[in-house]
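Before I ask anything, let me first share the structure, which is written out below as structure tokens.
Order of writing sets the labels: A, B and C. Residues in every chain begin at 1.
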Amino acid sequence: MTETIAFQGLIGLSLAMYLWLISAGLTIIFGVLRILNFAHGSLFMVGAYLAYTFYGQMGLPFGVAILLSLLGTGLLGFVMERGFLSRIYKVDEAYQLLLTFGFILILDDAVKIIWGGVFKIPPIPAFLEGAWPMFGKSFPVYNVFVIAVGLAVAVVLWAVFEKTWWGRIVRATASDREMANAIGVNVPRVFSGVFVLGAMLAALGGAIGIPVRVVAPGIGTAMIIQAFIITVIGGLGNLKGAFLSSLIVGVLSAYGTLFFPVFELFFIFAIMAVVLLVRPQGLFAR
Amino acid sequence: MTGRLSPRFTTPLLALLVLGLFLLPWIAGRYPVYLAMQILILAVFSLGFNLLFGYTGLLSFGQAGFFAVGAYGSAKILLAVPNLILGIAGGVAAAGVAAFLLGILSVRHTRIYFSMLTLAFGMMIYSLAWKWRDFTGGDDGLVGVPRAPIDIPGLLSISVAAQDRYYYVVLVLSLLAIAAMYRLVRSPLGLTLQAIRDSEIRTEFAGVPVRKYRLVAFTIAGVYAGLAGALLAPLENTVTPPIAHWTMSAEPVLATLIGGIHTFGGPIVGAFLFFVIKDIIVRYTEYWLIWFGVIVVALVMGFPSGIMSIFAQRPK
Amino acid sequence: MTELLRIERAAKRFGEFVAVDGVTLTLPAGRLTAIIGPNGAGKTTLINLVTGAFLPDSGVMHFKSEAITHLAAHQRVHRGLSRSFQIINIFARLSVLENILIPVLSRRRRTAVSFHVAQRETDAIAEARQILREIGLGGKENVPAGALSHGDQRLLELGIAVGPAPELCFLDEPSSGLTPVERSTVLELIRKFSAERRTTFVIVEHDMDVVFSLADWIVVMNRGQVLAEGPPAEIRENRAVREVYLGEDL
């Protein structure tokens, strides 16, 4: 029993990493631009499809395919931010939410038009195949890879925001954009940069999932809801909170399917509602 | 507030429109009548949504939850007691109670936090519809919901099983709901809700218990969503979980946005345009949502007040 | 003079910053009081505490001998306590008449669910029109408030504050951003409302000309505390006050 629990925890950990990657992007975009990007799940989906095209269809190496997918999705994010969102920053935030909702409708159907509605699962790259024995069961190497990527992204993001000049500018802009503007920060460029970074993080989450999760038109809307739950629990705009709550939700839903599969979805939304009511700043706010 | 067309012009036009709606089964075939019912149901749903969004300034992403409570509520009753009055009244009451209870919690927040909270509540209802198999039938839903007769024991019993007859049930109830909402937004309550939208703090300091008024608006919006759902269940004869999903909440959002949020008739016109545009697009392509996406983006970027704002007079 | 409002040892801090630090103050009916002090002295925070925008960390407040410390803002309005805002806060998309109707209907308890049409609330509308005539916006009833000039918006702000027919009304910088002509109009209105409607006003003001021409009593605040209070002539001569205002024209 204890072994099953430990093993399921590991499964949950790898699940948590996809959640972390998409939530990280959502969180930094909200933290800096104060926009809740409803279309963030669609960027996750576009990242997955692009990676599928480069890797599964064109046969490029897995790593190259992921890289190209990040660039492509980043470009899409750039167009969304520069071409559309940046023009309505002064409008009521409800309209920003509605605009990103319009993007969902466009991207979800565009994906169906380009790639068709069928599920796609490309093979696992050879060097990540196989499984390691763990807690009396075999744990897929690919899941270890996913965990490693997620943790690496966490470390890199931490280093960027805490240690680099750009990171400090971004944090200054997040806490007071007028002040940042006054001291000479090019705020529009920071906004674009952050949105592109956020889009790429979502794409990375989508891309590394392709061999083990299905690539299908609905994955974007499914992911955005989970990402909302996580960013709410972690506190909107709180990156560390997003990481911790990704872990919690990932592991909990792994146990959820084990112990109370029937009401899994219900409980997760109930937790989201309770956090919003009792601690709207998130569980991990200082 | 935006101005309105002169009543001298609109009153005969509206009378003609209502007359046309009553004559529709005689002048049009089965499909237009079916489409008209869908439009009326979405119009009622959207009017409730817009009382929250356009009038009170609260963007809810959970209205599908109350729509589903209305639909499941009326379906459960109709499957047990074949009486349309009980079925629809029960569905509306269930949605109203659900909206009141969840509203007490939801109106503690505004802006993005309100949107997130309503999303969570709506999705909780969705997961119940999906997973609480004994009550909701799970992903099979509830099938064979009858268009039961309008029955007052010992007095009258009118069969509405035929589509044309059920159409009149939908038409009369929708028109009543529209008329009630029309009065409501012009009452002191409606004015106060608009004041809350413009400045919550100012309204509180004018002596208005703002949170209580938000709850009233939330409950009424839930009742309208519930009525829409309760009318849909006997129309389609089935109720399935997707009607509770947040993407279903998007339908009134789209209709209202297309029609215009700052005019009373916006959601009604929007519901009409929603189905007409969809009907035209699906003749050419199955990908109709992308075009709605384009419309939403164009409206938000171009003129967020919606189509109806073109017809509204500029304020003097 | 009868006591209208009594504040005892009211305190409010925001994080490390002590905005109001143990203020004790009594306001009698009919005396026009001005609260002055440098930026960050705690004037607006004090108004917020009294009118119920947020609760104090400690201290008690009585209005007409009733404890109001924990009442909600709208409840205080119904007991006769209203306010205006430093940054103009009106209902931008409602008409000028509807702006005034909100507090008037609220005082008459007509805002609840009712199938009355607002346009047929004749007595409330007559009262709102009367207020509009008094503040000089009589001809602009149907203009959306957001389309008014800054000066007219200030007048409307004042109109919404006096709409509930308050016994005590706080005006937070009622003349800010106004031209000299507009300023004297607002001054006249405040005098007129004090005299004719028996509303006791408390104003927070930076313009010393306004303060000394209007106020019967001046309260000087600094760093969250009451530094001095007294009639204008006395405050003018107060040494401590002069030190705080060193460099400012008194």
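The definition used in the following text is that a residue touches a chain if its C-beta (ideal position, glycine included) is under 8 Å from a C-beta of that chain, and two chains touch if they have at least 3 such contacts.
Treat the numbers as computed from the prediction; the structure is a model and nothing was measured.
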Completion exercise
Any chain touching subunit B and subunit C at once appears in the list none
Handout entry: Chain at the geometric heart of the assembly (C-alpha centres)
Key = B
Exercise for the section: Tell me which chain's centre, taken as the mean of its C-alpha atoms, is farthest from subunit C. Expected result: A
Completion exercise
CA centroids of subunit B and subunit C: separation to the nearest Å works out as 42
Problem - Centre-of-Cα separation between subunit B and subunit A, whole angstrom - result: 33
Handout entry: Gap in Å, rounded to a whole number, between the CA centres of subunit C and subunit A
Key = 49
Exercise for the section: State the interface residues of subunit A toward subunit B in the complex, per the touch definition above. Expected result: 36, 84, 87-88, 91, 93-95, 97-99, 101-110, 112-113, 221, 225, 228-229, 232, 236, 262-263, 265-266, 269-270, 272-273, 276-277, 280
Fill in the blank from the handout: Counting only contacts in the complex, subunit C reaches subunit B at residues 51, 53, 72-74, 77-78, 82-83, 85, 89-95, 98, 101-103, 105-107, 110-119, 121, 142-144, 147, 160, 163-164
Handout entry: Of subunit B, residues touching subunit A in the complex
Key = 53, 57, 59, 105, 108-109, 111-113, 115-117, 119-121, 123-124, 126-128, 130-131, 246-247, 250, 253, 257, 287, 289-290, 292-297, 300-301, 304
Practice task
Note which residues of subunit B are touching subunit C in the complex, please.
Solution key: 1, 183-184, 186-192, 194-195, 197-199, 201-210, 213, 216, 262, 315-316
